[in-house]
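Input: structures, listed below.
Here come two complexes built around chain A, the first alongside chain B, the second alongside chain C.
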Partner chain A sequence: MTGGHPAGPLARLLAWGTVLYLLLPITIVIPVSLTDRRYLSLPEEGLSLQHYARLFGSEAWLSAIGQSLWIALGATAVAVAAGTLCAIGCWRIGRRSSELVRVLMLLPLIIPGIVYAIGLYRWFGWLDLLDRVLGVTLAHGVTGIPYVVITVSTALAAFDPRLEQAARGMGASLGQTLRWVILPRIAPGIASGAIFAFIHSWDELVLVLFIASRRVLTLPRKIWDGINENLDPTMAAVAVLLILFTILLLALDGMLRARSGR
Partner chain B sequence: MPRDAAVLPAAPAARSGFALPRETGWWLLLLPAFLLMTVLYLAPILQVLAISVTEPAPGLGNYERLLTSPGLQRVIGTTLRICLITTLVSLLLGYALSYVIALASPRARRWWLLGVLLPLWISVLVRAFAWVTLLRRQGLVNEGLLSLGLIEAPLPLVWNEFGIVVGMVHYMVPYAVLPMLAAMREIDPRLLAAARGLGASRGTAFRRVFLPLSAPGLVAAGLLVFIVSLGFYITPAILGGGKTLMAAEWIKLQILDLVRWGMGAMLATMLVVTILTLLGVFSRLLDLRRLFGGGR
Partner chain C sequence: MSAAAAAPALAGRPGRGVGHALELRGLSKRYGSFTAVDAVSLGIERGQFLTLLGPSGSGKTTILMAIAGFVAPSEGAVLLDGRDITALPPERRDFGMVFQGYALFPHMTVAENVAFPLRVRRLSRAEREAKVRAALDLVQLDRFAERRPAQLSGGQQQRVALARALVFDPDLLLLDEPLSALDKKLRAELQDELKALHRRVGRTFVNVTHDQEEALSLSDQVAILNHGRLVQMGAPEALYERPRTRFVADFLGTSNFLRGQVEAAGGGEMQLRAGETRLRQAGGDLPPGATALLSLRPEKIALLGAGEAAANQVTGSIAAWAYLGAGFSLTVRTSDLGALRVALPAWRAPIAPSEGLPVRLGWAADAAVPVLEDGDAA
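The block that comes next holds the complex of A and B.
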């Protein structure tokens, strides 16, 4: 709704205050990461990149970044493949029973991570998947499915089902219809889902705290250990890079949306 | 032959003959996600529910502790108190924000939305770290206030309930804004203009027209924020500094440190039951599919 009735001064003041509260504290890590001191502080005599240098010279940090990246890519592949097919199936079947399947797919958004984490701790013990990259990848992949189901379902809502019927009517097999008719039209939705599934895995910590210990040490786990053990400006440098990376991914998503909107 | 099929509608008999295998194909698409979800998601969660009534001994012994253990009751009380405060503050801030965004011009709205959505996707660890940097004893807020001479000793801003609420509200405001903004954008702006035209003050137009119409969004946002807050782990663990225990951290303590699986699983089950009950009750009042982006 627009025009004719601008918000009053009190509401505007509160809204501005809230946005500043949301954004400003996050930006504080930028000056802290550039401090010339060896402890968490604002720069005193000048800016310094020493903490970034320390970060990129550290075997431990680089290996954590690498491990997180591989796990996130694997998890995204699992979530995108399973989530996309599921969203298409639910959309095409469109009955109460498939609606139930979709509710099932959204459960990971509703049930707290801690509950799944303790369940998985025991379950993976039996399956011998504890502290293994495969285990973390599968767990992140499964919990990434809802993001893909949501974005693909949204893309499908704008898709004319008669196109699919026409393709099938002209003799296309299910595989051909998927490959040549449906998937190209919903590609931006799939890409969006992939980005969110990636961010989900990349940031995920609660599961990792339970199902990984020594061999698998992801970036969030390394940050967690850092916060609990030694608060130093290297952490701020990591935080700045993470923020930039998130902004990059969101910008990518925005571009995809803008293009599909046209 | 294929062309004929497109031009001429198939005979009803032929169509029903094809219906079954076609449907089966679509059902097969659900299979990978369904298998992954049941084997790797539902099964471990159902197992948690099972552990809560079988370990250390079969029966409801673990649930009895809800009534008899003061320590456990304190944790539940703390969790409910922090979640309620977080929900109320997030709703207040989020409502003002949604109101301003809903009434803004499309151009301004995009900037406001960016300001709300960006923090939503920034790692919860990064945000907790930023808050610790700001709020701890030697943190930037305390140092600033000390050097200005406004306080004489550092204020206890973090590693207590205050710090937890600050961090949780920071996380939850975007979640509060999204459902409220969706509800507010469906309100016809001409209603407000009409109310003003008929002599209502800005406050009256808001109270009598806008507020009631936006109430469903307010309730939905409150429910969402409360449910998500209940299971919070990382923010309270970092900003609470181990002194203020909330449900999720207590569960972690039971299982990883004390190896009391039954107790941990019991509180985990209670969390799930509480959340599903709240959703069940409110699904009668609200279109929950829209809340979770399900429908269209």
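The block that comes next holds the complex of A and C.
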């Protein structure tokens, strides 16, 4: 990139405009969360941490955070296990048909979430999984698979297939080859997929709106309800925490990538 | 060369002779309509060093992969000590293998790489450590045990791959172009090391290469392959001195090819005629009137001084020459035999080569070898 032309004024303007457009809606919640008023507004006379205090004192918010966390962890486990095995399987078979499987696995990403949610609603009705933690975990896990398939497939594309041959030639069973040779080589890809699958579940709303009502109340759902029912600034505080948490996860992902790139 | 003949082969050979005899029986591999390996049958005796030699696309690597178990043959069988192992998966064959590019595990240290086959076999930690140390000693890499493969030179990586392939006392060691990634000088060094290693461990080695020098210097037996077929197999000197076909003569070293009409045959000799030139050729049993093809090595042609005579004589003039340090390489144009390559030792060469210089060439009746055209060889 060092050899390119310097950016002209128009390009600079466009670039900065885009950055602001992306960042402003996110940053607006930060001052809102510090408002001294009792309703959703910008601070008027001073900054206050009262809404953060309310958040951590509220049984309902904490329970929503806890529930979201457990669901996200469960969904990540499902997505990582299924996505990794699928990616490895497709890679080993390496035929046209496996290409089809890979595309199928990306479907949850391609199909509009709301379409998927309607279908899931019918299915979960029959399976008695509506409004249950297990149901939401499964739904989030399955829709998280594409992230893992993509990152693990990318990691496998860089894997030298002769290493697998070498391992087997030295007497390693499929399980041993997987554990000692393939998995350590693609671990950064798996971790990256896990982080994305976690974030996906952590802030997923559309599915939850359809398949959960009262017993399962995730954090995004609680914010959604809050916006609809009252204009409590606690939501802004929650939003800020959500943003910080996500940035933390992405930073972790970046660190893992930097390490594996070495 | 059957498996049953394997046992007595050890007599007079150095080394422990703990290798195994390998036999290929009618091995074929087809990919769709393409035949990569065509009915190859060969045997290698216990403790010997066999090289599969051929140009790229000759099927040599496919044969090695079939021996290793990574390629399932379309027809034929692989036998180890007379036991059919064709259906055995690679992880149950107990063969050591050095891959092209070595295939060392980049996330493991040298010691961990070498310990891998032992870990797979669930050896105790103490046993593992002792064997790894012995294997690294064998290839003189004991000081590098804690390094990663990426921190080693090409030659060192190659030695780690050898140690890893030998550490579990494999029945057979397979080598897939083990020296091709190294520069010329290092290659020569490791060739010597590989040969010494083969003597020390006394196991059966099967090597694949396209480098004829490597094949000649390393092997007890060389199998020459072309277009998926076994063209000729034998000891290096036998292949060089008595090539069966034009391809073998041409691929191993360099050769002049002379074509002549048989005028008379008998008494272990043929009289040939090429234009105005009469040739005497030892051996060969072609009937009068047939066309004979002879392979004549450049170093077996002498420059005749005034008054000197030879069984075969031809005159010509130097068309091109090159000084190669140890010798001169001359191209001599003759009227009846075309251009002949002549290798002349440079030290005390009888002439100072120059273009257009007339010379007289001579060679003995047994210097050339009758060979088959490649089309007739099958």
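In this text, the second predicted complex is superposed on the first by the 259 of 262 C-alpha atoms of A that agree within 3 Å, B and C clash if a C-alpha of one lies under 4 Å from a C-alpha of the other, contacts with A are read in each partner's own complex, and residues count from 1 in each chain.
Convention: a residue touches a chain if its C-beta (ideal position, glycine included) is under 8 Å from a C-beta of that chain, and two chains touch if they have at least 3 such contacts.
Source: prediction; values computed, not measured.
**Q** Looking at A:L100 after the superposition, I want to know if it touches chain B, chain C, both of them or none. Which is it: first, second, both, neither?
**A** neither
**Q** Given the touch rule stated above, what does A:D160 touch, chain B (first), chain C (second), both, or neither?
**A** In the superposition, A:D160 touches chain C alone.
**Q** Tell me which touches more residues of chain A here: chain C or chain B.
**A** On the superposition, B touches more of the residues of chain A.
**Q** With both complexes overlaid on chain A, does A:M170 touch chain B (first), chain C (second), both or neither?
**A** So A:M170 meets both chain B and chain C here.
**Q** Under the stated touch criterion, which partner chain does A:V181 make contact with: chain B (first), chain C (second), both, or neither?
**A** After superposing on A, A:V181 lies in contact with chain C but is clear of chain B.
**Q** Which partner does A:L244 reach: the first (chain B), the second (chain C), both, or neither?
**A** The answer is neither, since A:L244 touches no partner chain.
**Q** If we overlay the two complexes on their shared chain A, which of chain B and chain C does A:A258 touch? Say first, second, both or neither.
**A** Neither chain B nor chain C is touched by A:A258.
**Q** Contact-wise, after the overlay, does A:L40 reach chain B, chain C, both or neither (first, second, both, neither)?
**A** first
**Q** Is there a shared patch on chain A that both chain B and chain C touch, and which residues make it up?
**A** Comparing the two interfaces on chain A, one with chain B and one with chain C, the shared residues are 166, 168-171.
**Q** Going by the contact rule at the top, pick out the chain B residues touching chain A in the complex.
**A** Within the complex, chain B touches chain A at residues 1-3, 5-6, 10, 22-23, 25-30, 32-34, 36-37, 40-48, 51, 92-94, 96-97, 99-106, 112, 115-119, 121-134, 138, 140, 170, 173-174, 184-185, 187-190, 192-193, 196, 202-203, 205-206, 227, 230-234, 238, 247-248, 251-252, 255-256, 261, 264-265, 268-269, 271-272, 275-276, 279, 292-294, 296.
**Q** Give the list of chain A residues in touch with chain C in this complex.
**A** Spelled out, the residues of chain A in touch with chain C are 160, 162-163, 165-173, 176, 180-181, 184-185.
**Q** In the complex formed with chain A, which residues of chain C make contact?
**A** The touching residues are 68-70, 89-97, 99-101, 103, 105-107, 116-117, 119-121, 164-165, 168.
**Q** Going by the contact rule at the top, pick out the chain A residues touching chain B in the complex.
**A** 1-8, 11-12, 14-15, 17-19, 21-23, 25-26, 28-29, 32, 40, 42, 78, 81-83, 85-86, 88-90, 92-93, 98, 101-116, 118-123, 138-139, 141-143, 145, 149-150, 153-154, 157, 166, 168-171, 174, 199, 203, 205-206, 209-210, 220, 223-224, 227-228, 231, 235-236, 239, 242-243, 246-247, 249-250
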